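There are structures below to look over.
Two complexes, one shared chain (chain A), two partners (chain B, chain C).
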Partner chain A sequence: MSILGNRVVRREDPKFLSVGGTYVADLDLPGALHLVFVRSSMAHARLASIDTSAAEAAPGVVAVFTHHDLGLAPMETVVGMTPEAMTQPILAAGTVRYVGEPIAALVAETREAAVDAAELVVVDYEPLAAVVDPRVARRDETILFPDAGTNTALTLDMGRDEAMFDGCEVRVQQVIVNQRVAPCPLEVRSAAAFVTPEGRVEFRSSTQAPHGVRDTLARALALEPDDVHVISPDVGGGFGAKATVYTEDIVVGWCARHLGRPVRWTETRSESMLGLGHGRGQVQTATIGGSRDGTITAFDLAVLQDCGAYPGMGTVLPFMTRTMVSGVYTIPKAECSFESVVTNTTPTTAYRGAGRPEAAAAIERMVDIFAAEIGMDPAEVRRRNLIASDAFPYTTPVGTVYDVGEYRRTLDIALDVAGYDELRTEQRRRRDAGDPRQLGVGLSCYVEITNGIPEGEYGSVEVRPDGTVVVRTGTSPHGQGHVTAWSMLVAEQLGVPIEDIEVIHGDTDVVPRGVGTFGSRSLQAGGNAVNQAAIDVVEKAKDIAADLFEAAREDIVLDKSRGVFHVVGTPALARGWAELATAAVAAGGNPLLAEVDLASPGPTFPFGTHLAVVEVDTETGHVTLVRHVAVDDAGRIVNPLLAEGQVHGGVAQGVAQALLEEVVYDGDGNPLTANLADYSFISAAELPSFETLFTETPTPVNPLGAKGIGESGTIGATPAVHNAVVDALAHLGVRHVDMPATPERVWNAIRDAAERKGA
Partner chain B sequence: MIPAPFDYVRVKSADEALAKLAEHGDAAKLLAGGHSLLPLMKLRLATPDVLIDVGRLSELSYVRDEGDEVAVGALTRHHDVATSPVAAAGVPVLAHVAGQIGDPQVRHRGTIGGSLAHGDPASDLPAVVVALGGTLVVQGPRGRREVAATDFHRGFFEVALAPDEMLVEVRVPRTVGPWGFHKLTKRAQDWAIVGAVAVTTADGLGVGLINMGPVPVRARAVEVAVAAGASAADAAASAAEGTEPSADNNGSVAYRQHVARVLVRRALEDAGV
Partner chain C sequence: MRVTITVNGTVESHDVEPRTLLVHYLREAVGLTGTNVGCDTTSCGACTVLMGGESVKSCTVLAAQADGADVTTIEGLARPDGRLHPVQQAFREHHGLQCGFCTPGMVMAITSLLRENPAPTERDVRLGLEGNLCRCTGYHNIVAAALAASADPESRS
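Entry: the complex of A and B
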């Protein structure tokens, strides 16, 4: 019987639930100094002067550094695509461009001393006009980087086919704001560094990609990668925002080298709300066209992406939006252009879904708007336009090739489980009764891309002479449960109990190569690498067993139920993994080990249908999510418990974007949501119990048949909930409400619609 | 997120607390549940030199039946009010509202005295005590004095307490019959965007508003309208009369005034109007 597909409980949890994890801030670093940053309180200003003298003289202060002290090159451009003139200096160089930008680094004997002394650094600002809204920024009236001469960091325009809507009976356009949100991992950013007597930089980082940190840090500090050793201990969430290196990390490394003492830094939550990259931040102009029979024939999406103050990962995410622009539908003509512009706000970065939720939000909202326009049930419109299951591999108008899909099936299941017809009946009843609590039903049929980057992953499996197994993986889990999942994969191949399998990750010395954990790539890339390594180690073991048994290699079989090898036909004469591993070492001195550098198995396209039911208090505008049905297809499911966990967390964050969360700045660029009282981070109290189901359509792209599941929640849930809110109000004349659907915004939409009707 | 340096003393009696207040004057702050004070200190918006911790004064933690009134010690935690049989029998609205504050963590730390003394118009209990026509018992070097709840709140975060005085007790009259309480929040743990409470005591109907101005508001126009025989809906139409709510990310002035009318109507209906 296979262990795969079973609800194996997380091997990680006993520790987390008892003694707790060990995060960077928990590491014992004798003699470590504490680094704090003096951050800009202005969104856009020239730095006339920075007076650090009082801070330097404060008790416990070791040093205060500003940009010129460091002599470091600015941050690198993102995949070579963003302008050199817009790169972020390591500590502000003459100009600050967002509230929270690090201006000075202060190092002291204690954290308290550092925090107190930081207040004594006097920064003299000469305010400049701030640009907060990307729609204003693109007009280039106030320019953030005079050397660049424009606020536009990147554009993609494949040439618009003006005729694409010709012949459409119906054509509707809507501007949709996909608002800026804060990733809010429970563990904020944290790093520590010290230099060994041999001159090697030991770096500890709360990161999703330790090898990337090693390489980036080495380049920034002009070192070789081997001169840097990165360990990411337990990491309390990242959601994409911890996949890249921040200027603060580089300063930590630099200070440790410069001062010759261990240096540690952990930001506060208030700092994290300004310093950790934000997600989303698109203004979309979407146009959909088709005929009154429900056929969609053309879709155009023009994206204005907010990069924040320095073009980072967020700048290039519209490529992903474009990749998924036409969603699950057979739309003959679809195009997506984009422009990414800088504003005086926190830089944007990857956040759970990273460009794909924005695509799903646009097309799914527009399908509902189209349905409303032609007076057809939104489920029916979807049914009429879904890509049929026999059409795969399917190439979309923008050239994306989807692997497999059973889109109709997930829609049917969702409608059935939710009791769609009964919900519509209840909705009609409430409408007829003029109930102040109206019911809304929202659908989202999504498809997304996982493992979209052309990178593979490292995995190795080693059997120790005592028969226990050590797995090394280049992925870097921070809550996903790779220790459990990878153990299951190896147990399946080797026939050893998962208790005897150790999984090592997050140490760049022990794991020689690695890409990391983001973009829902880990199982597809890292899991397949480990799976292959396990297969390879079995083959190697068979070679050894053939020698030991003095038998033909083809006659050696592995009895997985006992974890032993024997010659076919003589199961009683068996040798276990310990004996083979011991023999391997004895024979050649080499451990019984298989290493795999898996080439990128290529992307897969998970899909599904989410259905949300909301109640809207039409007198106050307050929305309550009452049900959420998620039918997701991530191919073969290794462990349903882990997959559900991913769906639950993702749905919670997806619902949060639809209903609650938004990073808000005032007109001068002052953040208004810089703590978790003002920023409406969702909690369990706002969520119903989710109804999660899976269909399993294995992908042919990789041997495990697995697709990513990490981001389906934020991709599928947001438009379902968003559509449900608008659906609840449709009979009142509301066509669209921007996210988040806060009470005031919903009430305004109701009032505006009533006024339009009255007029 | 890290407060400025301060000294900390834990006192064993209300008298000792008063002595410490007299000694340190303005430079000191009483620390009750800390759930309003500590966030301000972490943001360095409050920088007291001395914290006088009264949090463990069990002599001031009680809910007592005093005939026509229920007396609540200033250091009684929200959770203890919410689960008090005396409160449930005499002023069920108080128990209910205390049980709706923030989240369990907040309710196990925050105190009724802290809630009133802090003077935040977005807090729930002050508006309830005002609607009930309660009395606050204040102790200081000049002895004990009683202040009507309606006179206690002077302005935004400003209450009728001298720096050397301490709130020791909150007294509220028993309620009669049904009551109503509604608050609008984005999240369960949030402060009210707007809240409304309607209660009946021996003195008649009291209607209170949360977060509709610099102090908890008594919606007198509504009370008068109901007394004159208006329906809940008609009376609630004047709920926002004279209010000056602030505008923020959660709501404009116009929106808050609208919500006040809706919630007052609902509270009145629940209260049997």
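Entry: the complex of A and C
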């Protein structure tokens, strides 16, 4: 019987539950110095002077460095697409452009000494006008980078087709703010470095991509990749924001080399809220057109992306928004253009979904607005426009090719499980009764792209002479459970118990190549690589078995129920993995090992339907999420326990964006949500238990038939909850409320609608 | 100043700065790194330990305040024979953890919650965990684990 598809509990857990994980801050580094950063308290200013003399003289301080001490080139541009004039210097060079930008690095014998002395660094600021809102930034009245001459970092102008809405009976436009949010992994950023006697940089990093850290750090410090050894130990969450290297990481490595002593750095949460990249940050102008029979015929999305102060990963995310712009619908004409602009705020980066939640939010909100405009049930409008199951592979108007889909099925299941008709009856009852607690039902039919990058992944499987198995993977899990899932894949192919399988990740010496864990790619790229390596190692073992049995190779069979090889027809004469691995070493000195560098199997397009039920207190504006039904299709599910866990986490983050969370700045660029007391991080008390279901439509794109499940939660849940809030208020004349739908926003929307009606 | 604290049944005595927080004392003086620091505003609960049998956020207790107290961390929760505490066991069975960073604090908070309220409703658990943040699980399986553990009479010990 196959182990795949079973709810195997995690092999990772006993350690975490009994003594806790080993995160970078937990590493024992004898003699390590502590690094803290002096950060800008102003959003935009020239640095007239930085006086470090008092800090340098303080007890325990080893050194204080500013930009010119380092002599390092600025951060690299993101995939070569953004202007050189906008690159971020390693420590501020003459100008600061956001609150929290590192200005000086202070190294001391203890953390306490470093924190105390950092207070003594005197920074003389000459304030400049700050630009906070991307809608203002695009006007180029205040320019962040004079050498660039503009605040626009990147544009994609597809040339708006004014005729695309010709002939539409109905055409509606809405500006939708997809607000800036904070990823908030529970573990903040942390790194440590020391130099070996041979001159090699040993680097420890809380990262999603240790090989990327190795290569980026080597380039930044003018070293060869082999001169750097990166280990990511246990990592306390990432959500995309730990997929890239930060300037602080490079300073840690530089300081360790310069000082010749181990250096460690762990930011505080208040620093992390300013320093770790933020997610989302789009202002969308969406236009939808169609006919009163419910047919949608045109959709246009103009995206204004907030890059923050230095264009990073956030700048290019609108490409992903464009890729998914028309969602699950057969819309004949659809287009998306974008402009990414810099502002005096924390740089934006990938955050769970990374451009796709923004796409789903736009189209799903607009479908509801369209439904309201023509007076049709939003479920019915969706049904009439879904791409049919027999239309795949399906090419969208922007050229995206969806692999496979059963969109109607997930919608039907969600409506059925939720009891949609009964919910509408109850909604009518409350409306008729003028109940202060109104009911809202929100739908989101989504499709997204996973494994969307061209890189493949490394995986290897080695059988040791004692019969145990070691798996090396280029993915870098930080909660996803790859040790368990990859063990299951290998156990399935080799017929060995998962307890005999060790999975190694996150060490760039032991795992020679790797890309990492982000973009819902791991199972498709890394899992398929490991699966292929397992298949290959079985084939190699058959060669050895053929020699040992003195039999024809094609007569050798693997009995997976016992984990032994034998000649067909003589199962009693069997040899186990240990014997074959021992024979392999004895024969040629080489271990029984198969390595695979899997080329990317290509992107897949998970889909599903989420349905949210909310209660809105119309007297206070308070929204309560009552139910959340998620029907997701990620193709073949290797371990439902892990897959559900991914959905749960993503849904919670989606609900958080819809109802609670927002990074807020005042007009001068001062952050107002720079710690977890002020930022509305969602808690258990604000959520119900979720109702999660899967349909399994395998993708033809990769051998496992698997699609990504890591990000569907934020993509599916956010618009469902958002739509539910507006739905609860529709009879009061409310057509749109921006996220997060806080009590204040909801209450104001009700009041404004009442005033419009009264006017 | 010198503080003497019984940590997981072992008497520990160390010189500390008066400003030393209990969490830093546990991690650095005693060397138990299972208790994590997730914020600096007493918001996240990653540092939750038991002091005198009740949950406290160890980032908001000075080591000096804990002088003479009995403190239990995640490392001290399992039974002497190595068996996991029912709350720990329920977390494993219900996939109540992913990255593991909030987990020690969550487990300690739930252990304390079940001592106060041995038969909580889902709502009780959710309100009781308001001060413990998790970014991975959406709390779904944490709540399930807490409710499952509450059915085990041993969870109160």
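Brief remarks on what is shown
Everything below uses one rule, namely that the second predicted complex is superposed on the first by the 759 of 759 C-alpha atoms of A that agree within 3 Å, B and C clash if a C-alpha of one lies under 4 Å from a C-alpha of the other, contacts with A are read in each partner's own complex, and residues count from 1 in each chain.
FYI, a residue touches a chain if its C-beta (ideal position, glycine included) is under 8 Å from a C-beta of that chain, and two chains touch if they have at least 3 such contacts.
Quick caveat: nothing in here was measured; it's all calculated off a predicted structure.
Contact with both chain B and chain C is seen for A:T268 once the two complexes are overlaid on the shared chain.
When the two structures are aligned on the shared chain, A:S683 is found in touch with chain B and with chain C. Once the two complexes are overlaid on the shared chain, A:E744 sits against chain B while remaining clear of chain C.
By the touch criterion defined above, A:E112 lies against chain B and chain C together after alignment on the C-alpha atoms of chain A.
By the touch criterion defined above, A:T673 reaches chain B but does not reach chain C.
Residue contacts after overlaying the shared chain place A:D13 against chain C, while chain B stays out of touching range.
Set against each other, chain B and chain C touch different numbers of residues in chain A, with C touching more. Of the two partner chains placed by the overlay, only chain B lies in contact with A:L660; chain C stays clear of it. By the touch criterion defined above, A:G649 reaches chain C but does not reach chain B. In the superposition on chain A, A:M1 makes contact with neither chain B nor chain C. Counting contacts as defined above, chain A residues 112, 268-270, 677, 683, 685 meet chain B in one complex and chain C in the other. Taken together, the chain B residues at the contact with chain A in this complex read 1-2, 4-5, 39, 43-44, 103, 184, 186-190, 193, 249-252, 255, 258-259, 262-263.
Per the touch definition, chain A reaches chain C in the complex via residues 9-10, 12-14, 16-23, 25-26, 112, 183-188, 234-237, 239, 268-270, 478-481, 641-642, 644-645, 648-653, 675-677, 681, 683-685, 687, 689-690, 713.
Those residues of chain A whose C-beta lies close enough to touch chain B in the complex are 111-112, 115-116, 119, 268-271, 619-620, 622, 660, 664, 672-673, 677-678, 680, 682-683, 685-686, 742-744, 747-748. For chain C in complex with chain A, the residues that touch the partner chain are 17, 19, 27, 33-44, 46, 74-75, 77-78, 84, 88, 91-93, 95, 97-104, 107, 122, 125-127, 129-144.
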